[in-house]
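Dumping the structure here so I can ask a few things about it.
A, B, C, D and E are the chain letters, set down in written order, and residue numbers restart from 1 in every chain.
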Amino acid sequence: MTRKQLFLLLAAIFLTLLPAAAHLSGNPYLLSLASRILIYGLAAASLDLLLGYGAMISLGHAAYVGIGAYAVGILHLHLGAGDLPPALALLADSTASGLAILPLAVLAASLAALVIGALCLRTTGMHFIMITLAFAQMLYYFFISLEAYGGDDGLSLMSRSGLPLVNLDNDTHFYYFCLFCLVLFLYLASRLVHSRFGLILRGAGDNERRARGLGVNTGRYRLALFTIAGGSAGLAGALLANHSEFVSPGLLNWTLSGELMVMVLLGGIGTLFGPVVGAAVYLLLEEGLNMYTEHWMAYMGPLLVLAVLFARNGLFPLLISERRRHG
Amino acid sequence: MKKLLTGLCALALLFPATSFAADPVKIGMITTLSTKAGYLGEEIRDGFSLAMAKEGGKLGGVAVELLVEDDEAKPEKGKQIAQRFAQKDGVKIMTGIVFSNVAMAVVPKLVRDEVLYLSANAGPSELAGKGCHPNYFSVSYQNDNLDEVVGQYVTEAGHGNVYLLAPNYPAGKDHLAGFKRYYKGNIAGEVYTKLDQADYAAEIATIRDAKPDAVFFFLPGGMGINFVKQYAQAGLGGSIPLYGPAFSFDERLLAAVGEAALGVKNGSQWTHDLDNPANREFVENFRKTYKRTPTLYAAQGYDTALLLASALRQTGGKAEPAALRPALKKADFASVRGNFAFGANQHPIQDIYIREVVRSDGGFTNKTVKKVFTKHVDAYAAECKM
Amino acid sequence: MAEALLEVIGLNKSFGALLATNDLSLTVRQGEVHALIGPNGAGKTTLVNQLSGDLAADSGRIIFRGQDVTRLPAHRRARLGIARSFQITHIFENLTVAENLGLALLAGHGGNFHFFRHWRRAPRLEEQLTEALTRFDLLQHRDQPAASLSHGEKRQLEVGMALVVDPQLLILDEPMAGLGSGGTVELTRIIRRLKGQLTILLVEHDMDVVFSLADRITVLVYGHDIATGTPAEIRGNALVRQAYLGEEG
Amino acid sequence: MLDVAAINAGYGASQVLFGVSLSVVEGEVVTLLGRNGMGKSTTVRAILGLLPITAGSIAYQGQALQRLPSHRIARLGIGLVPEGRQIFANLTVRENLLATAANSRGVKDPFNLEAVFALFPRLAERLRHYGNQLSGGEQQMLAIGRALMINPSLLVLDEATEGLAPLIRREIWQALTTLKERGLSILVIDKNVDALLAIADRHYLMEKGQVVWSGTSDELRRKPELKSRYLGLEH
Amino acid sequence: MLLFCEQLLNGLQLGVTLFLMSAGLTLVFGIMQVINLAHGSFYMIGAYVGATVALHSGSFLLAILSALGASWLAGCLAEALILRHLYRRRHLDQVLATFGVILFCNEMTRIIWGRQPLFMDIPAALAGSVELLPGLPYPIYRLVVLAVGLAVALLLWLIFTRTRIGMQVRAGAVNREMVAALGVNISLLYTLVFGCGAMLAGLAGVMAGPILAVEPGMGESILILTFVVIVIGGIGSVRGAFIGAVLVGLVDTLGRAFLPLLLRLLLSPATADSVAASLASMAIYIFMALVLVIKPKGLFPAHH
């Protein structure tokens, strides 16, 4: 058993038993925090697909999280008001609304990523970073002024999405559902990375010219990955909306994109599991520092700088003591 | 692997199990301490703490513990903190939220979950009207109050052509609606600016071009500072008078705006020069403790604490929402505002004033000019079915 | 005479005022090893980049197997059968050797939008991969990251990647650069084995290699072709001696 | 004045130089000969500190160079005319000459624009042209002029005349002769052996990252087989 | 027409402020390939130090000088302590580290200067307006800002074209190694450029002090605009930064000023106002996206 497998096994046991531990210690907040970590972990891991495997540095990933969240918020609003368009009205059964809402959220985020990606991928390098940021900011201001859906005030959900078999309004059920989504994503993503598609993408990320010279139309593969990552971020957004039962334009702000990037780097870029570790460390640090000082950012800032300077490959490779090669 | 286990232990220590036995009554304050608006939360917190300090850490003779957390003006963050207060610390009484959008994200769920929420600032219309709730009390105002008073005053002053300006987000539109409710004249123009816009040169040029009798604006925080300064610099300060709610003219902002604000009239439910014993005591103590003149936010924080103290005294220390609710509703305390009672929607029925920015020794401050509304009831009270 | 596989007609490319390719015409015949020599800065790599599609020509035409490819993007030309290696080693450093070759094999097929199954389990890939690894003497390194190979092995891998897709035309841009004598001999042996199986355009400075491998040689000076002929013809060409060796009239 | 002793160097995993040693004496013109890819440019890069060496030592006028950054080495008096000329395309001819001009060693009669134009009159005509508007020959002259403007005591030319027309070559050889007469030491890399025999004092022949022969011009003239073996078309 | 002229001036004035921010950043990126998100922090430091000095000394000139000094010092410190170690690292690492610097600087200003915004007044000599054209009064201070911005642009242009340092910087942007091999201490040159870039940002900050609120986090909103400018202008090009800054200033200002009027021709006033407000806040991002879709490397890509 490699250290990585051991780590994953222990993590799995820990995560499975966490709800029981939270209840025994009379600390249900722990569960809510853990769910949030899982959701941010999912968003960060989806960004890792772009950063670590596709060599596409997107500073606008929050946009897709936000769109996923807004899809949930908007559908819930109409569900509550009972004015869903007829095509969707069939699915307005409150015990199974999630079956329609969650996929629609993913679809909406994927579509946005497809369109934005097609435009952004005309550029490379620094320009790509900035144009992804520009589109995210554009959407941010769009949602701020979108009065029908709360604008800057955001939208509150009256309840979480309904799903058969699980009751998301129950925090334990919700936690397990988030865990399920994350594990499913990680499984599919690690398959994807080693699939034909993933191999070609990793190649294109490593050496674009060479890949083109071998006959790969790198643009199409990149766009496909951008769309997949966007859709996955949309799922994270949909879960986040359900978790806080609230959506607001703040989710699309560039600071969230920055934080997701920080989680990826902190955990270990190009490792898929690392960003989840990164999300956990970042959120726990924030939570922990916040408890001792209201000036927690004055500590978080230097910590990030130190992390960059000294833990170059991120925490996950350090944790499983594996050295990743540098490209 | 050992590292991992130590890590997990450390994690567990971060979340000690809570016990509820004979502890002081916990009050959770979710407020904005960071970002550009950080001073607002500071004022509310300081006002609240001052009332606690007066009793030596107690309220109404009951030991209380104030937990303060920074929501960074983000609704998501406010949600998280509320959840942590409720689930981890077992807090049953919360207060402190500065911004309406944070309140809208946090409050409805809290009050459904049987937590008492006493608003020390934000008073969104939804919570005054259809969304009112027995567990929700606004100790400050309903948002529109401070605009309504200006609308009334501007009409009385005989300005027949007023230009309106607010950021392009729902609160901005609400505030302008509040003004229009009592303003009877013509509207010269209505402009919505980008949220967090810094430079208003383009809007000011347009205003000059429109030649209105007066300008009413709602631009909270730094936006207001920028606008007022640039407005004065453009030479419009003398020719077209500015009006607005108190938010851009509290004592701490005045220090940053400086002379540009001189003479501007603004609407507020409180000023430090209100002549009543409670207020004199409050202002004096606040100045002594914090070496500055309190703002309306501090007064709201102080009043919130006094209200809670009065209720705790009546229940004899029982902090269960069911016990506190009727006691709170009586509003049996000496508010620094003078007249204070709760309406049917548990929002204040109070007097509202127009104040003017004047020079004080070494700085600028507000002087009460006129009481425009007496025992004013907000516009949404009728919609509340409680 | 064998038919023309690649025809370059009146090609021009300038960078600022510098004419990197100057009205260049060139014919590569089916099945030959055609060497391209010339002093540094004569525009050899610029020409190769235009042939592969990495650089757009200013004017002129490039015809490959009777089809005008002048305006096609690089990956389309690769699909048509133009493969190239680079002057500075261009491999996928972060992938393993097997992944490098596997990618090359799969890229040639197209239609790689398979997201779930491991790439190795693509139809018939395993045998092709093993064959390629054996053929290029990289079997013992198959699961090693390419970055950890020696310089010579990297070169072998690079040439291997160009070859596994069974191209019609293989463009080798200074394959011997930086190789020790052992590596040169090894690579020369590999290229010689390829002779006859496919057409090769070889850009190389090592004259031993050029004269031992080439069927025909084109000499480039100032982006222009000054002579084309058999090794013997080129060796005897005074113009070439002057331009290339710098011997004066 | 320059003493390169048994250096190894390379790029990443691939070693290019295997124990190269050479020296240049004050006022001498020395050549480094060999076919492409034999390590000549790598040797030059190692001397200028553009590539770290993994073994051996380099000294210039008694000072060790191997740990110094490039700009310190240049200021000690080594002027580089790099392979491929590498003039600054977005600067005019005048700016190219002036940008890095210096007299860090306080030479008495320093090079200035006039001195460079006296050497290469063509450059004076193209003073306001940008670097990318020059022909290859003009670029080479500019690269030499640029190196002279830092007032070196040793001029290092990597591929002095490669790819240039015969007329231009003559002009450059002429300039080098003038510089030698001025007392400048020169280390030059080129394939034009015949021209170099006339100018240079000593020669080093490189093959596969090693110096395989060294000697004076007379010795090289006496061994024509060296020329064809290490430099020529034939084997 | 007068209104249009005034709005043009407003746009230009915003543009030159943005230029002050962009000039240093674009060079830093062009020469050293370093992304510095913390550039906005120098702007904030300039504003804070300037406001503090102005408050205590009452001298605007002293405020400007101390702001320049402080931002220069902050720039040099950030470069020496952090960025110098990141030159050869991925852009991602640079983004992460400088993100940390932003958090730190914002919180430190909050700890040192407190939470409320600081006050800074226009010096008496520059207060008031002048009548540029009959019926077009314009604040003198804004004209001064415009003039200072243009003067700095001119000065930079002179430095770049006429001085050796300027030539070295331009040469370094194309071929760093060669500049080093010709005896120029490139890392010193970079520290200099970095320090000057930070100083220009500090200048922008202190100049903005009397117009804008001096508050924690004031650097971020302008930082994003600065990046937009650089990307539109072409990374590494000072000329591009100037033109990009002016374009962004004009698009933003004119969009805010005239979109409502334009849309009122098409839509009902209420809808027009609200759509115009939304479009105006997105205008520069839409503009940037358009530029990049048409010219993926910006308007004036630097030579490479």
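A few notes on this one:
What we mean here is this: a residue touches a chain if its C-beta (ideal position, glycine included) is under 8 Å from a C-beta of that chain, and two chains touch if they have at least 3 such contacts.
Only a predicted model underlies this, so the values are computations on that prediction, with no experimental measurement involved.
Path length between chain B and chain D in the touching-chain graph (shortest route): 2.
The chains that touch both chain C and chain E are A, D.
The minimum number of touch steps linking chain D to chain E comes to 1.
Relative to chain A, the most remote chain by averaged C-alpha coordinates is D. Ranked by how close its mean Cα position lies to the mean of all protein Cα atoms, the top chain is E.
Distance from the chain C centre to the chain D centre is 31 Å, each centre being the mean of its Cα atoms. With centres defined as mean CA coordinates, chain B is found 35 Å away from chain A. Inter-chain spacing, taken between the CA centroids of chain B and chain C, is 73 Å. Chain geometry summary: the mean Cα position of chain A and that of chain C are 43 Å apart.
Residues of chain D in contact with two or more other chains: 89, 132. Each of the following residues of chain B touches two or more other chains: 33-34, 168, 192, 194-195.
Among the residues of chain C, none is in touch with two or more other chains. Looking at which chains touch one another, you get A-B, A-C, A-E, B-E, C-D, D-E.
Looking at the complex, you find that chain E touches chain B at residues 2-3, 6-7, 10-11, 13-14, 106-107, 110, 114-119, 121-122, 127-129, 137, 139, 141-142, 208, 210-218, 221-222, 253-254, 256-257, 260, 273-274, 277-278, 280-281. Of all residues in chain E, those touching chain A in their complex are 29, 35, 37, 82, 85-86, 89, 91-93, 95-97, 99-108, 110-111, 224, 227-228, 230-231, 235, 274, 277-278, 281-282, 285-286, 288-289, 292-293, 296-298. Those residues of chain A whose C-beta lies close enough to touch chain E in the complex are 51, 57, 59, 119, 122-127, 129-131, 133-135, 137-138, 141-142, 144-147, 254, 258, 261-262, 265-266, 269, 295-298, 300-305, 307-309, 312. Residues 33-36, 38-39, 42, 168, 190-196, 198-199, 201-203, 205-206, 209, 221-223, 225-226, 229-230, 233-235, 252-253, 255-259 of chain B touch chain E in their complex. If you check the complex, the residues on chain C that touch chain D are 15-18, 39-42, 149-151, 174, 176-178, 180-181, 205-208, 211, 221-222, 235, 241-242, 244-249.
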